[in-house]
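Take a look at the structures listed below.
Next come two complexes built around subunit A: one with subunit B, the other with subunit C.
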Partner chain A sequence: MPPDAAARPVDFRAGGFEPRPGRTAPWIAAAAILGAWQIASAAGLLPDLFMPSPEAVITALGRMWASGELTLHLIASVQRIAIGFAIGAAAGLAVGFAMGIVSLARAVGLPIVSALFPIPKIALLPLLILWLGIGEPSKVATIALGVFFPTALATKTAVDGVPRNLIRMAQSFGMPAFAIVLKIVAPGAMPGILGGFRIAASIALILVTAAEMIGAEHGVGALVLGAGNLMQTDKLIAGVVLLSIMGLLVAAGIGALEKWLLRWR
Partner chain B sequence: MELRAEGIGHRYGALDVLDGIDLSVREGEILAVIGPSGCGKSTLLGILGGLIRPTAGRAAIVGDAPQGCLNALTYVFQDFALLPWRSVAGNVGLALEHHPLSRGERHRRIADALALTGLADFADAYPKQLSGGMRQRVGIARAIVVRPAVLLMDEPLSALDAQTRELLQEELLAIWARERTTTVYVTHNLMEALRLADRIAVLSRRPGRLKDLIEVPVPREMRGEPGHAAALTALHDRLWQSIRPEAAAADREIVDAA
Partner chain C sequence: MRAILGSALALLFAASTAHALDKTSVAALAFVSSAPIFIAKEKGYFEAEGLDVEIKFFQAAQPVAVAVASGDADFGITGLTGGFFNLAAKGALKIVAAQSREEPGYNFVAYVVTPKAYEAGFRSPKDYKGKTVGITQVGSTFHYNIGMLADKYGFKLGDVSLKPLQSVPNMVAALKGGQVDSVLLPANQALGLEKDGSGKIIGWVHEHTPWQLGALFTSTKNTTEKRPMVQRFVKAYVKAAADYADAFHQRDAAGKRVFGPKADALIPILQKYVKPEPSADQVKASVSFIDPQGRLLVKNLYEQVAWYKAQGMVDAGADAKTMIDLGFVQGHLDLPK
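Up next is the complex of A and B:
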């Protein structure tokens, strides 16, 4: 139809509300912030003692790396997280599946787990030190506890969320209960379980830092606390940067795991 | 194998859903079960296949399952019930995995089922990549791969669009004709029942009672022929007259399930 002079176009009304991530904008923004920080430091606007320049932080990182101090702290923290996470996640998965599948386990376990979940686990460290000593076990146990509860609850919720009809289907083909758990429930719950791992991992990072601040010779938490005590702010911020990188790496690792395990989505 | 409903009744808490259903599904027939929505058709089918424990009466089987049958009472579900994390072949093979079959036998069965349902080229596809019609073909392949004695189908085509439904009705009949597997076919679609079934069981509105059991007077192969159109139309109209008021009433009901 030819355009009609009397006809008015229909206005487009459905714009916005579709935020998209940018490609270059994030890098530019990050560079701008760091640049401004560096310039402010160089101009003497930020006192070195309280807010060292990015350059000073990088230099501190380089020094610690060269002396081997960095590796020492990193290995100590990563080891605690790895062991604590493995224990807590394994126990959390077992209890979560049990609560998701077995009535008795749910009746007994769910109130207990729900009641203990909100306790900040770092509050238990003194008790765990009394029980297990000041060494590694008490720190690892704190992390394991911190990982256990979110994992157990996320697993239970994820198992609940597995569509009933898939379980009925498997039963209608005479599939044994164990095979149903393995082939239907576990894969069906996987997205929720991995979501729980994400939360658990960030809790583990908090707890390892806190535990290392309370009593450890090595570890990133000990590094940050020690540097603060000596007013070595450049080292302190270097430690914080390390923690941030560790957090990002763990998140990326879980992201990769999700991509691989949930490739069917 | 013959499948029987012996005085089956069911209530969900205070909700009376089925009442005194006596019915026998004959060896080799397709029995359609129709009735207004909410009258208990799915519940009846669940009871017949051992997925729901009836509150009265029982489901019973007479006779033996045929040779090579791995799962006598086998369902095709309305919502397909496919595992999204498994390929087409993986979903079909799922039904075999807990049976001691040789590798060769397993592969042969899966290949046969896929070929029969037109899925041979889709073995490695995932459910999310498939149309609704293809998904239900997977559901059908998974059912026939175990060589069932009785097929229990709960509105298998009602999630599909009209054209796909038409195609799948043809395919279902072709597949059925090979083995003549005893089939219970729940539907709310009168035309579908008249096309597929040997007999049609009509349930009343809730609590579902067996209101009518009708033999379709025209042989299945001749139902498309113009000479039989009048008889089928007459039957259709008669059935619709009996269902219509019930369907209307069921439609306007508020359900308080306990």
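Up next is the complex of A and C:
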């Protein structure tokens, strides 16, 4: 090695790839896409028959809002999701905790839950309609089932992940079992459980849309399907936009819940 | 040598006539109501007009209209729905001739109620107020049927709970399970339900609200750029419709429908195309009234568009006048002033 080589400065190269969320870039990108879409529609490149312009979609949303139709659809869907999610999540938490703590529950429950988890719940809708009728119960049950399985599995995995030494320490200090579950296992498992909720919430949104396609007068799924049947493409895309907004709101809601529940971290 | 020359000439001739046939296509449902298309094809009426017609089958009325609007088929024949009028309102489609209509004396679609609802006094189509009714889709012909009843008997459509169930089998299941009080069904299914005791027919649509149920239509582009071709197609279609009417519209002195040898001659043609393949009796129960000259009840078409507009199912700018081309069939019925 020549002596002068040692004197050559070396730049810091290991910067890595560090993607950072930007503040303005996403808005500019969204505006560019919408702008291009609007211009393509106005120029006649996208036939109005098959792809309405963003303006037409916004107008359709405005019209539905003014006539009260939008509120009717939203209330119907949100109600179904809320009830279905509450039932499914509560049952999922109970079964998940049981499988995480009690050997018998794990031995019996885990194979059953694992076997039923991959079934697309929407395939069960016709069966649920036969059992529960065409009204609300069958739709809520579909959502509840869809929410139950990911919640139960995520809870069980999260309980498994709680550091054993904390539990052992509490046990050696003579803490009652119930208090251990409430004060150590539950908070420790919370991040994993909330991760499960995130997945369950998006499944609930998919299922409410699908479930409303049979025998529902109102609901965002009924709106999308009805608009499709009537070839009202502006209303159809307005319904899809609503679903997207609902998905974003649910994700934001769970994010807020996460912040609040995990504030001890 | 001469024989070889002769057969070569014959071949050449055959090839040239085959070449002379214009290729075209029609989108249809595999239902008995598409019968004139099947008859025109099987009896060579299309070929006689120099047309080589391919029948493209679809599962529902909606895709038939979309196929014609998008140019995947030149013609379409099916029931008229809200979706159809929305496509037509955007200038894509033109109605050119009639398909089925609800004609007094010809059973086609029935109002069927559950035995339980019947016992509880639901015995007339005037009693739909407050009932739960299964339909296929929003904006379907069944939806419009209930709408016409509401207008005629003075109840509000909003007072009827309509459940879109997506398919006729779902509607039958919902009626059998008692999840709806009533459904509207084509004669074949309605009679089947009444026979096995799971439904009661309380009336037929033609007794209360006769109307133009279906139509033959093509793209607006075809009516301007290929007008002679459309004329030839409609001519063959109407000829087949006349055969159909001759065979299936016969009634005896008491008004009961009778099916003679002409019907028996056409039934195998229908059985060839209709899916699932019907028995001869099922065909007889399903044959609707199709105008022998392809004439439309034009005023009713205007009324349909007005009704869909009033319900907000068809865009407010829609104009029935622009959706119909009256130039292909002579003597349309009930023209609005």
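Simple rule for what comes next: the second predicted complex is superposed on the first by the 258 of 265 C-alpha atoms of A that agree within 3 Å, B and C clash if a C-alpha of one lies under 4 Å from a C-alpha of the other, contacts with A are read in each partner's own complex, and residues count from 1 in each chain.
Throughout what follows, contacts are C-beta pairs under 8 Å (C-beta built on N, C-alpha and C of every residue); 3 or more make two chains touch, one makes a residue touch a chain.
The model shown is predicted, which means the values in this text are computed figures rather than measured ones.
A.B. asks: Could you look at A:Ile134 and tell me whether it touches subunit B, subunit C, both or neither (first, second, both, neither)?
C.D. replies: A:Ile134 contacts subunit C only, not subunit B.
A.B. asks: Which partner does A:Leu230 contact after superposing on A: first (subunit B), second (subunit C), both, neither?
C.D. replies: It touches subunit C, and subunit B stays clear.
A.B. asks: Should A:Trp264 be classified as contacting the first partner (subunit B), the second (subunit C), both, or neither?
C.D. replies: first
A.B. asks: Contacts for A:Ala216 in the overlay, against subunit B (first) and subunit C (second): which applies, first, second, both or neither?
C.D. replies: After superposition on chain A, A:Ala216 lies in contact with subunit C alone.
A.B. asks: With both complexes superposed on chain A, which partner does A:Phe173 reach: first (subunit B), second (subunit C), both or neither?
C.D. replies: Only subunit B is touched by A:Phe173; subunit C is not.
A.B. asks: Can you check the complex and tell me which residues of subunit C touch subunit A?
C.D. replies: 62, 65-66, 69-70, 81-84, 86-87, 90, 92, 134, 137-140, 161-166, 170, 173-174, 177, 179-180, 312-315
A.B. asks: Which residues of subunit A touch subunit B in the complex?
C.D. replies: Its residues touching subunit B are 165-166, 168-176, 179, 183-184, 187-188, 262, 264-265.
A.B. asks: Which subunit B residues qualify as touching subunit A in the complex?
C.D. replies: So the residues of subunit B touching subunit A come out as 49-51, 70-71, 73-75, 77, 79, 81, 83-86, 94-95, 97-98, 126, 128, 142, 146.
A.B. asks: Tell me, which parts of subunit A touch subunit C in their complex?
C.D. replies: Subunit A reaches subunit C through residues 48-50, 67, 129-130, 133-135, 213-217, 222, 225-226, 229-232.
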